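Mind looking over this structure? Questions follow.
Going in written order, the chains are labelled A, B, C and D, and every chain counts its residues from 1.
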Amino acid sequence: QDLPALAVKDKYKVGFAQTESNNPWRIAQTKSFQDTAATCGWDLVLTDAGGSAAKQVADVDSMIAQGIDVLFLPPREESPLIPAVMRAKAAGIPTFLVDRSVDPNVAQAGRDYVSFLGSDFIDQGGRAADWLIKNFKGDKGVIVELEGTTGSSPANDRKKGFDDAVAADARFSIVASRSGDFARDEGRKVMETLLQAHADVNVVYAHNDEMAIGAIQALEAAGRKPGEDVTVVSIDGTRDALQAIIDGKMGVTVESSPFFGPLACDTMKKYAAGEKIEPWVKVEDRIFTKENAAEHIGEAY
Amino acid sequence: MKKLLGDGHVAVWVALVLLIVFGTLRYDNFASAYNLSSFLGYNSMFVLISVGMCLVIMTGGIDLSVGTVAALASVVAAQLSPHGLIVALPAGLAAGLAAGALNAGMISGLRLPPFMATLATMLAAKGVALRLSDNRTVPVDWASDFTKLGMNKVGAVLPWTMLIALVVVVIAWVIVERTSLGRTVLAIGGNAEAAHLMGLKTRRAEIFVYVFSGACAGLAGVFLASGYGAGQPLEGAGWELAAIAAVVVGGTLLTGGMGSVPATVAGALLFGVVFNLLNFENGRGTISLSAHWQSVIRGLFLLVVILLQVRLARPAAKK
Amino acid sequence: MNLRLDRQLTGLLAALAVLILLNMAVTPNFLNMQTLAVNVSQVATIAIVALGMTLVIASGGIDLSVGSTMAVAGALAPIIFLSDWAVGSPGLGLAASILLPLIVAGFCGLFNGVLISVFGVQPIIATLILFISGRGIAQVLTNGNLQTFHNPSFTWLGTGRILGLPVQGWIALVLTLVLAWTVRRTIYGRYLLSAGGNERAAIMAGVPVARVKIATYVIAAVLAGLAGLIVVAINSASDAARIGQLMELDAIAAAIVGGAALAGGRAPILGTLLGAVFIQLMGYTLIANGISDEMTLIVTAVIIAVAVWLQRGRRA
Amino acid sequence: MSDPLLQMTGITKAFGGVPALSDASLVIQPGEVHTLVGQNGAGKSTLIKILTGVYRRDGGTVRWQGREIDLKSPREAQEAGIATIYQELTLVPQRTVIENIVLGYEPKTRLGMIDWRAAEARTRDVLSRFGIDLDPHRALGSYPTAIQQLVAIGRAASMDARLLIMDEPTSSLDEREVEVLFGVIRQLKAQGTAVIYISHFLDELFEICDGATILRDGRTVGTARMADLTKLDLIAGMLGRSAEDIRRAGMTELAGSGSAQTEGRPVIEAVGLSTGHRLRNLDLTVRAGQIVGLAGLLGSGRTEAALALFGMDPLTSGRMALDGHPAAITSPRGAIAGGIGFLSEDRKTEGIIPDLSVRENLTLALLPRLSRMGVIDEARERQIVEQFIRALGIKTAHMDQPIRQLSGGNQQKVLLGRWLAIEPRFLILDEPTRGVDVGAKREIQAIIRERVEQGCAILLISSEFEELIEGAHDIVVMQDGRSVARLSNPGVTEDQLIHAMAAGGAA
């Protein structure tokens, strides 16, 4: 194994190259790393790529130049961050990918970087679909899908996971699939419009909770009853979504936790101690429904 | 020397040098070869689009499409990367040229306002990039020689991309300073109607600047694909503003008619240095700036540079 | 001038008519009240911001900071009405949560205006400063967090209806009429067009150009602030990172499609409203008819180019 | 006789349905200096622009050196051998003098690059022909209008054209430069270059031109040898009235504007005015009911003096009193509020708001008085504008026409209207009759006289000696930014004035 080793120290200079800070999920993730820095003995070097993969690589470069000990990297995209991973490796810096991975054909866990900590976006979409298939009562499901930012990997993966699973059930048809840019306002606008064109919609699948909430607002404004005549399923597990579930407006949200800090600290310590790290440290995403929403809302962001 | 720095555009050079000195003194490894070469590599793209933008702005126009055109070019280049640099580079460049020609056609042929014409191209280029790439980033072929362009360096420090960008800068500079075409570019910006009545080939110059800007964006896209291993349909957001800011900080008037190519390069590098400094500052751990504070600081920095420039440029302009 | 503008308006009206006819033919449920309400509610914010943008463009400037100003105002409102003081006295709290953000927005405009007319900074760069920083300030104010709330009286601004149509639609309409009148009939309007048409000549004719420009940026910023409040009200949530994102482009596009010229000197207010409606309706048509996102971009580009070409005045 | 060089026949052109030319023709022989005369708005500039491809004609034919041609752009016209100085200064103020002279025809090195050394040499050559001494590396815009005008002429004259067109080239030149220009024209003529020369200074026409074509309301109404014409014939042709009528009305309207007004109270008193802009030391008093002329060579600082009095340029020293009270005038707005008006010499950049209508341009300075609580009283506005359009004889389709569509002379009248409308106590007129036809010039002069008789104080800056000597009660002579002499009418002669301007302080 030619991965760089990590000495056991009290203090580490740790780089966290965030991709962007324009949504609550990312902000919660950053905060989680900042909080962990205090408890885990990190000097945290934090950068923000503002949504640009190229800038993220440049950010990683500047961290390498500053001589960090460890790199935590949520790669903005699968391919463009490979140079960053490779350069960190060349500089002898162990790298952990967080929440998204890189192209496995080029860079591999255990060889080029230590491990990928995260969940599986495709699986998240699939689980949302599974819940829907199991819990949908009617005999014809007319689905509107609100996609994330066009071209982004979570949007592509969450779409694939859901669409494939739903295709297996003849009751369902997706009548419209449209980007709401992961944002509440945009999700609402798109839903308002689609509702006019497809009055028979009775299922909404949103790639994140913000858009789901926007869709619920649109449904209510149009006089529909989300939760009763329209089933809303989504991904993330935000506080607002859990509240909507408690209020009976939303069916399910598949957790996609942003709280990576503790896991990161833990994994890094194990690695320093010489333990073998799995190439994919899976984050166990829970699923929030009416049954458990109330008990978890306190820990949601 | 005055010519080299760009007449009366001292402020931007002063600011650039001061920041570099500041960074070198304050941070370890700021002036290391590693940091320098990654800085130059990343900013080669911005130098390119800023120079393209500079010529456009000299005519009094604007090109909002540079960012998405670069993204489109990166997709095209990445898709053709298995055929090697020899195919992918010209292909990406051609994509940029095509977009530039489209802009030129709308602006010079149909007489659409540059703002709207290039806004349309901005949207269309993004749409085409997403379409071509099927909404995904397009991995390059790492086995081909395509990535050498973006990854390799001349000597230890100077990336090929920056070298090429500088060659383009020199070409642009010579065109502006020493050719009839370049002078016509400036004349259009000064007074388009007068330039036409003076019998200058205004249409040719107008077409030239948009095609040139498109070509610069296309080349930047090739650098993007080659240096970052992927065609990225979503990259390039906000590049047009970065380029405009670089041009203006370099002392070029948005109303056209005046401007300096070298000072524009300094302007582009200046913004790169600020990003780099902020990253290093965060690493010192004294204050950990959240991303939000960083944007506040960038704005303040821009304010300072602009006010400095206003102060320094005023007496010069009046004399 | 009236004749020329009227001809432009006619072109735009024709384009709108074509779009409406097309929709009647292909878009399901197009002719119903809810469709109208949806479009009105969605166009209102763009229209309100575009009105201010039209004035700024008429002065020969441009304002990139409108989106950030929306974010600042939008972030501030919930902070105010969620504060203990406002919870204690809801009436005053509500008033403050509307007025204070508008005042702060006005200060953003003042900042732009002073940079431009006192320091002589070029508008695109002067407003780029707040474009970059303003959103950062809004995020700092909220620590980047999404603020969600339940406040029916504030939310009315975004979800209420008057005569079956959304409140914000009426606001946009009233503002359009007021501004159209202002441009045509007041000294401010005349000064604005003079300052944008030929600044030096205006100064020499006694036009207080600096004051007029500052006022214009303040008006644009207050209108943007209002739009920010409306967005927050509709969503019952304020996300500083997203409020008003890319709004500057929409607003500029609406103004130019409506007949404004970036060189300044023209303020076709009614045209701007129609321009905003045109852009809104175009988006609606594409979404409602299931055009894919990437095709939407391409089609939008073509339509914008054609629309501008059809009613192109002189070059901007 | 051989083929004429140029033959334009039956040219028609309408702008948005309003005809500008209805049947214009023009014949130019090789090597002749030919003038095109007509009132403001007669269509002179339009005809030129059609010839040089700026506008497309609606009908008619153009033959050039015997062949029918259809030029589509100024570039094509230049390539065919037609060089033009348009009425609106068409140069690029931000660029250097060198560039403005060589642009489009730059000397090249073997590599195809501009040879700046040769360009500078050519520029100096051209400038020295006109006796101008300036820094050719400076932006053209930093020089006064007259210099810019000379540069434009120099550029056109250096193009080796077969036909050189000059649309009001002397409007901002003083007598000395006009002489230099004529020298150049004679030189060109000797080389076989034909010249079309448009000017509202009729004396110039008789001095330099061989033939004339008279245009009235877009129609060619006559063409003749200059030698066969009298001034009266020319005017009569332009105005479409009989020579008798004109003779009876007299030639200049400023003449004999009452006896010397030395007793009126001083409206404006300036002592030792200096600005950062080359105004060194100006003493000036203008009394109510008095016209004070300001004379001086090009660059003597007359315009700067006006700018200082009007609050455009901040004073570095000196003081001013208005109506006997010390006044600090720091902005045009303040000046206007104090009852001062200023008609600038540079109509295009300091006068018109091109997109606004005639009405809106005319009332711009008056607005504060036309509005209540910021709302304009449009009915009163229209009434006032109506009145001025009639009084000044402004030729416009309607008062809501954009001012940029008006001919130059008519734009000037609108601007004069702007200042008369505020009923100023003190009115500064910088070249007020520039580009105004003889008929209108008289009307304008009459209006000025009327205002003076009503007690208005006027500072008249003019490069026309006739206007100064006949019109002004007193003439202040400037040199290098200083007032060096004050001559009192009646009794000032042209020689005296020239002497004072050149020698300074002698009188």
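The working rule: a contact is a pair of C-beta atoms (placed from the backbone, for glycine too) under 8 Å apart; a residue touches a chain by one contact, two chains touch by 3 or more.
Treat the numbers as computed from the prediction; the structure is a model and nothing was measured.
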(message) Under the document's definition of touching, what chains do chain A and chain D have as common neighbours?
(response) B, C
(request) Please identify which chain has its centre, taken as the mean of its CA atoms, farthest from the centre of chain B. (result) D
(message) Counting only Cα atoms for the centres, state how far chain A is from chain C in Å.
(response) 33
(message) Based only on mean CA positions, could you tell me how far chain B sits from chain C in angstrom?
(response) 29
(message) Roughly how far is chain B from chain D, centre to centre by C-alpha average, rounded to an integer in Å?
(response) 45
(message) Quick check on chain C: which residues sit in contact with 2+ other chains?
(response) 139, 144, 293-294
(message) Can you pull out the residues of chain B that are in contact with at least two other chains?
(response) 130, 135, 290-292, 294
(message) By the document's touch definition, which label belongs to this structure's chain graph: line, ring, star, complete, or other?
(response) other
(request) Kindly provide every pair of chains that touch. (result) A-B, A-C, B-C, B-D, C-D
(message) Quick check: in the complex, which residue numbers of chain D touch chain B?
(response) 54, 73-75, 77-79, 84, 86, 89-95, 99, 103-104, 106, 108, 112-114, 116, 155
(request) Could you please specify the touching residues of chain A with respect to chain B in the complex? (result) 13, 18, 21, 30, 34, 43-48, 50-55, 57-59, 61-68, 77-83, 103, 105-106, 149-153, 155-156
(request) Report the residues of chain C in contact with chain D in the complex, numbered from low to high. (result) 1-4, 185-188, 190-191, 193-194, 197-198, 200-208, 265-266
(message) Help me check something: in the complex, which residues belonging to chain B touch chain C?
(response) 106, 110-117, 119-124, 126-128, 130-131, 135, 192, 241, 244-245, 248-249, 253-255, 290-296, 298-300, 302-303, 306-307, 310, 314
(message) Looking at the complex, which residues from chain C come into contact with chain A?
(response) 27-30, 32, 34-35, 38, 41-42, 139, 144-146, 148, 159, 231, 234-237, 239, 241-243, 245, 284, 287-290, 293-294
